[in-house]
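Below is one structure; the comments refer to it alone.
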Amino acid sequence: MMEHTLISKPDFDTQTLEVSLGPQHPSTHGVFRMNVVLDGETIVKLKPVMGYLHRNHEKLAENMSYLGSMPYTDRLDYICSMTNNFAYALAVEKLAGIEVPERAQYIRIIMAELTRLVNHTLLIGFLLNDLGAFFTPVLYAFREREKILDLFEEVAGSRMMCNYFRFGGVKADLTPDFLPRVKELIQNYPRFLDEFEALLSENEILMARTQKVGVLPKELAVSASITGPMLRASGVPYDIRKVDHYSLYDRFKFRVPIGEHGDVYDRYYIRVLEMRESIKILDQAVKEIPSGDVISKVGAGFAKAPRNFKPKAGEAYGRIEAPKGELGFFVVSDGTNKPYRYHVRAPSFINLTILEDMCLGHKVPDAIIILGSIDIVLGEVDR
Amino acid sequence: MEVLTAISKVGIYVIFGVTLLGAMMAVTLRNIFHAALSLALTLIGVAAVFFVLRAEFLGAVQILLYVGGIMILVIFTVMLTTRIGDRTIPTSNHQQWPVLIGALLLLLYFVRMIGKTPWSIKSELAVVSAVQIGKSLVSTFIFPFELTAVILVAILIGTVILAKSDEGEEKS
Amino acid sequence: MFGIGVLKGMAVTFKNFVESYYKKERLTTIEYPEKRLAEKERFRNFPFLIFDEKPEDPRCVACDICAKECPPQCITIVRAQDAQGKPLKKPATFDIDYSICMNCGVCEEVCPFDAIFMDHEFELAEYGRFEDLNYTIDRLLKPKEHFMKIRPTDATRIEAELKKKENAKKAAAEKAAAAAKAKAEAAKTQASQVPDTKPETKPNEPAQPADPPAEAK
Amino acid sequence: MKTTEEIKTDLESKTGTSITVQGEALMVPKEKLFDVAKYLKDTPDYQMDYLSSVTGTDYKDGLEVTYHLYSIAKKEGPVVLKTKTDREKGVVPSLTPLWRGAEFQEREAYDLVGIHFEGHPDLRRILMWDGFEHYPLRKDYTQEDQDRNPEQF
Amino acid sequence: MDQLFVHIDQAIIHWAQAVLPDWMAVIVAMKIPIVAIAIFGPVTMMYLTLIERKLLARIQNRFGPNRVGKFGLLQPLADGVKMLTKEDIVPEKADKIAHLLAPILIVIPALLVFAVLPFGRNMIAVDLNIGVLFFLAMSGTTTLFIFTAAWASHNKFSLLGGMRSVAQMISYEIPFVLSVVPVLVVVGSFSTVAIVEAQPGLHWFVFTPWGAVGFFIFFICAVAEVNRTPFDLPEAESELVAGFHTEYSGMKFALFYMAEFMNVFTVSALVATVFLGGWQGPILPSWVWFLLKTYTLILIMMWFRGTFPRLRADQLMGFAWKFLLELTFVNIIVAAIWYEMRSPLNHLTAAAILIVTIIVLFQFNKTEIPKKRIYKYAYAD
């Protein structure tokens, strides 16, 4: 990376400009501040400041029953509420040893992959917004996202705050016309992706702006515990769906795209390819979904009376491949019906560690798109 | 019809007044940024004078070069060097009296000179079209034209070297 | 080559521009106040209480389970008392603070007596934030028919269960009466004593049957 | 992937520390934590090059830090390390020199539970504002003006 | 039909001479074009904003403003009233006078430039014989006033925006001015009317090879001169909040907005006049042709706005200095060859030279042109 050291030239030394791309700034994806020291327009120092949206989600969870904090997990990464529920449900099921019937596992995988589509489409839209394309890609992304949110609303009752997963399965079964609509969505989505790629992938301005910008070397990515599309864009083939074999992901054939340069263009393109893989998973899941009950007997009992749910003392760490990276829940129980300790391993929070390393030496607009390519959501960063 | 000539005469005097006012302000204003702006006003006033004298080509070139180019560099330097834009600088250097006497002498000399020269006032001004200017530049005044071209190229190369030397250092 | 990708991009926006005039799936905006989107059946907005015949006796027996289970703690219930101060199985006041409620639907799941459900009404703007949004019992109560109208499948399922519970209770009552008047009295007093506020045993509410009945759209 | 027992014996022999097993976690004394972690990271048959999560917890008798280590190279499951330190002046050696990912998570543990990590590049509060003195995730911390006390059930 | 407005103009003058005293009549005669422009300028600006919002909305598959008036036709009025009633905040440390002066100074050149545009056959406000040069001079001054706005609002973001705008405007002014030179050389005069007359019927300059290249460069520089996507760095919303007009609100912001859209109209009108033969056209009346060409160019600019992301500052400058400038120089030479040498030879040599330069320039900029990438898959089971 170009290490930009500030040289005070003898004849005239330029003053550095200390700008705070502050909490109130059009493209920080929420309430996030970057104290940037500029020399001209090149960035010399960049310190992220966060915590503006900190609600101490973990303290709240310690005062509530296990199921009581399930609706709060929707508010962590408010774009993919289903995957947050999924990770929390997995962690508690590992803690209490509750099995999940097959139909429920299939439904969970369908919901997780739909959320991945929503998240990646939205991310590319907002990345293009940071690049200056005046809202066109974002609104194409919103048009497609609406179809998926309608599916969520039809099944879970609410578009973004689904609160649909329960320990041992899901809250309610699929409505009759859910599966046909998912099949129809699977047909149209690749066409939308081709159109999106035609608009963006070969666009010279986009390629010029994003290639060789914010390069993340492989070693730094691994050592900085970066996960998700960012890690794979730097060339590390690590996808928790393939590594942990959680839920029924082994039954589906899908590939994991890998980039080599690890710059903003790779992170953008990896997400497009991941969306195509998610559609393949959805296709197989919708065809092979078995019938059967949607929540285990034990789970239904606890769903009906969450205060009776007292898992044995112990701790469990459940993690899934959320669209933004590895989302993990570390739950420690002391036998009562309230968790003793409840920790969320948020991918966006940890992916921000190397924001400064990537931005040094670049210009202000590059810092904005590097932040955009990391894909942070402040609800998850600040918890 | 004489009302019209009266109005146009007033118009001309207004233009001259504005130019002079701009020049005065450029010299006396304490805030240096306003001084630079009033310098721009003066230059635009001079361009207006050219238009009044039917020398449109000269007026347009004046605006294009002075206001479009040189004024921007002036303001750039004003802004870039140690941010003196917002600090005000004392304009008087405590030698008012000698300056006043000198100015009066100069004024007297100018008035005498203007009074003496035999102005040959033509009734109607010759309209000089851009084509004539172009032809004369390339025919009769070919030598000064080429000389300035050489000087400009020299300046261009000089700036490139200057910028290059900074650039080289930066990419350490 | 410079320019081809740029032109392709412009072709896509041109296609979108032209198709948005005639293709339905391109132009998805619905002009809200005039035209409205059909509400999904399971859409859940703020909760409401349900009463069978008269608004005076709602189905809710003020057992306070939903108040305890509600994650943001926005339900407060005061149990009614008759003249001598004996607690009745009816809520005197039941207010939900709509400004805190995050319509998560936990109260509907947890209620053993199917007395509270999530409504579809979402145009609830008020002027005051504290008093106006604190819904008291009279604003919460809605007739059974309203529930049947907005959520037909859930309503029919719950009515069926209630009816089953009713005949089960009635059958138990006749069997007991037929067996012997004396035992019947004892049985009757035992049967009428509704399980107290903290049911320790597993609630008798069977899990939702897996296959939802035919969609009565 | 070795079982926790095998890892325990292997670690004890290599780094000479007394490790007790708690469930699947290995309780390592905080003085030896850095060497154990370095050993796990560098030896070829473990190659724990990915620190997934750092959690600070407040137990009655002291503060505890839990590390979840994974190996991306060998795609192997978690090795869970734990250390214990006292409540007042809890100091634990920071693992940021080994894994850059620990930087923000250790700052969060410091900010919310109050565990000091010596050797951390810039240990300051990350989520709360700098003027805040308490540690919110400690069991004895109750917000002063909270009208509803937390012991509800 | 063609001379409709000219007849109206004559009628008013006759009426004025009949009714008013003669010196008043002369004033009225002089004032008619001024009044026409004073009405036409702001009205086009208002309805350009509406057209842009409607067009962008349709590109993004939504409706665009349709609540105010029948199809949103009164939306510009609503915007105007909103701008008037909005509170006009002046930052406390800002340079009050310059802060007030900047928006006014920006609107003046935008309006002055209308005088030189030939709307139709002998429908031109002032037939200066240095028409195009006057236009270029006026559009040159906007750089200075944008910089005063940026400097006066004493805000870091607008300072960055101001610096970027100066860099961009200067580096795009040279190709902007030089790409018109071939047309001026061929026509032999600066006057816009002469230029249009030199393109009778369908012999527009754009159909000659040097004309096409000149049109391409002139149009790209026009977009850059007016600060529109993909060259809208000075007021980049996503990075610099709102660039140089961050600290402006209320009527001052409206003035900036008006100046921008009037510039959009006048610049595309100039491009149409110089390269697409102004009001020359087969059947339709002259002023219809003029408006048709100008509005197609404006719609293309808006189409750009709906599609492209923004260029970074150094790429933008690189594009101007390393690509456009050389192309303009060569273009001038090619135009000269086109007219001086004998007929069959000149067409071939001109076209050949142009193609060679374009290929050489591509090779020269090879390093910067990004390449497509192919991606591998792990777990490709």
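The chains carry the letters A, B, C, D and E, assigned in the order they are written, with residues numbered from 1 in each.
Simple rule for what comes next: a contact is a pair of C-beta atoms (placed from the backbone, for glycine too) under 8 Å apart; a residue touches a chain by one contact, two chains touch by 3 or more.
Each chain and its UniProt protein: A = NADH-quinone oxidoreductase subunit D; B = NADH-quinone oxidoreductase subunit J; C = 4Fe-4S ferredoxin; D = NADH-quinone oxidoreductase; E = NADH-quinone oxidoreductase subunit H.
All values reported here derive from a predicted model rather than from experimental measurement.
Common neighbours of subunit C (4Fe-4S ferredoxin) and subunit D (NADH-quinone oxidoreductase) (chains touching each): A.
Relative to the C-alpha centre of subunit A, the farthest chain centre belongs to B. Of the two interfaces, C-E and A-C, the higher number of touching C-beta pairs belongs to A-C.
Closest to the middle of the protein, by Cα centroid, lies chain A. With centres taken as mean Cα positions, subunit B sits 61 Å from subunit A.
Centre-to-centre spacing of subunit A and subunit D (NADH-quinone oxidoreductase) amounts to 24 Å, using the average Cα coordinate of each chain. If each chain is reduced to the centroid of its CA atoms, subunit B and subunit D (NADH-quinone oxidoreductase) end up 72 Å from each other.
With centres set at the average Cα position, the gap from subunit B to subunit E is 28 Å. Among all residues of subunit C (4Fe-4S ferredoxin), those that touch two or more other chains are 2, 6, 9, 12-13, 16, 26, 28, 68. Counting partner chains per residue, subunit D (NADH-quinone oxidoreductase) has residues 152-153 touching two or more of them. In subunit A, the residues that touch at least two other chains are 65, 136, 140, 143, 199, 201-205, 207, 307. Against subunit E, the residues of subunit C (4Fe-4S ferredoxin) that register as touching in their complex are 1-2, 6, 9-10, 12-14, 16-17, 20-21, 26-29, 31.
Those residues of subunit D (NADH-quinone oxidoreductase) whose C-beta lies close enough to touch subunit A in the complex are 23, 25, 49-53, 55, 57-58, 66, 68, 72, 75, 77-78, 80, 99-105, 108, 112, 125-129, 136-137, 150, 152-153.
Within the complex formed with subunit E, the residues of subunit A that make contact are 17, 19, 25-27, 41, 128-136, 139-140, 143, 199, 201-209, 211, 232, 237, 239, 242, 253-261, 265-266, 269-270, 273, 363-366, 368.
Within the complex, the subunit E residues that touch subunit C (4Fe-4S ferredoxin) are 55, 58-63, 303-304, 306-308, 362, 369. Residue ranges of subunit B in contact with subunit E, taken from their complex: 1, 3-4, 31, 33-34, 37, 40, 56-57, 60-61, 63-64, 67-69, 71-72, 75-76, 79, 85-86, 127, 129-131.
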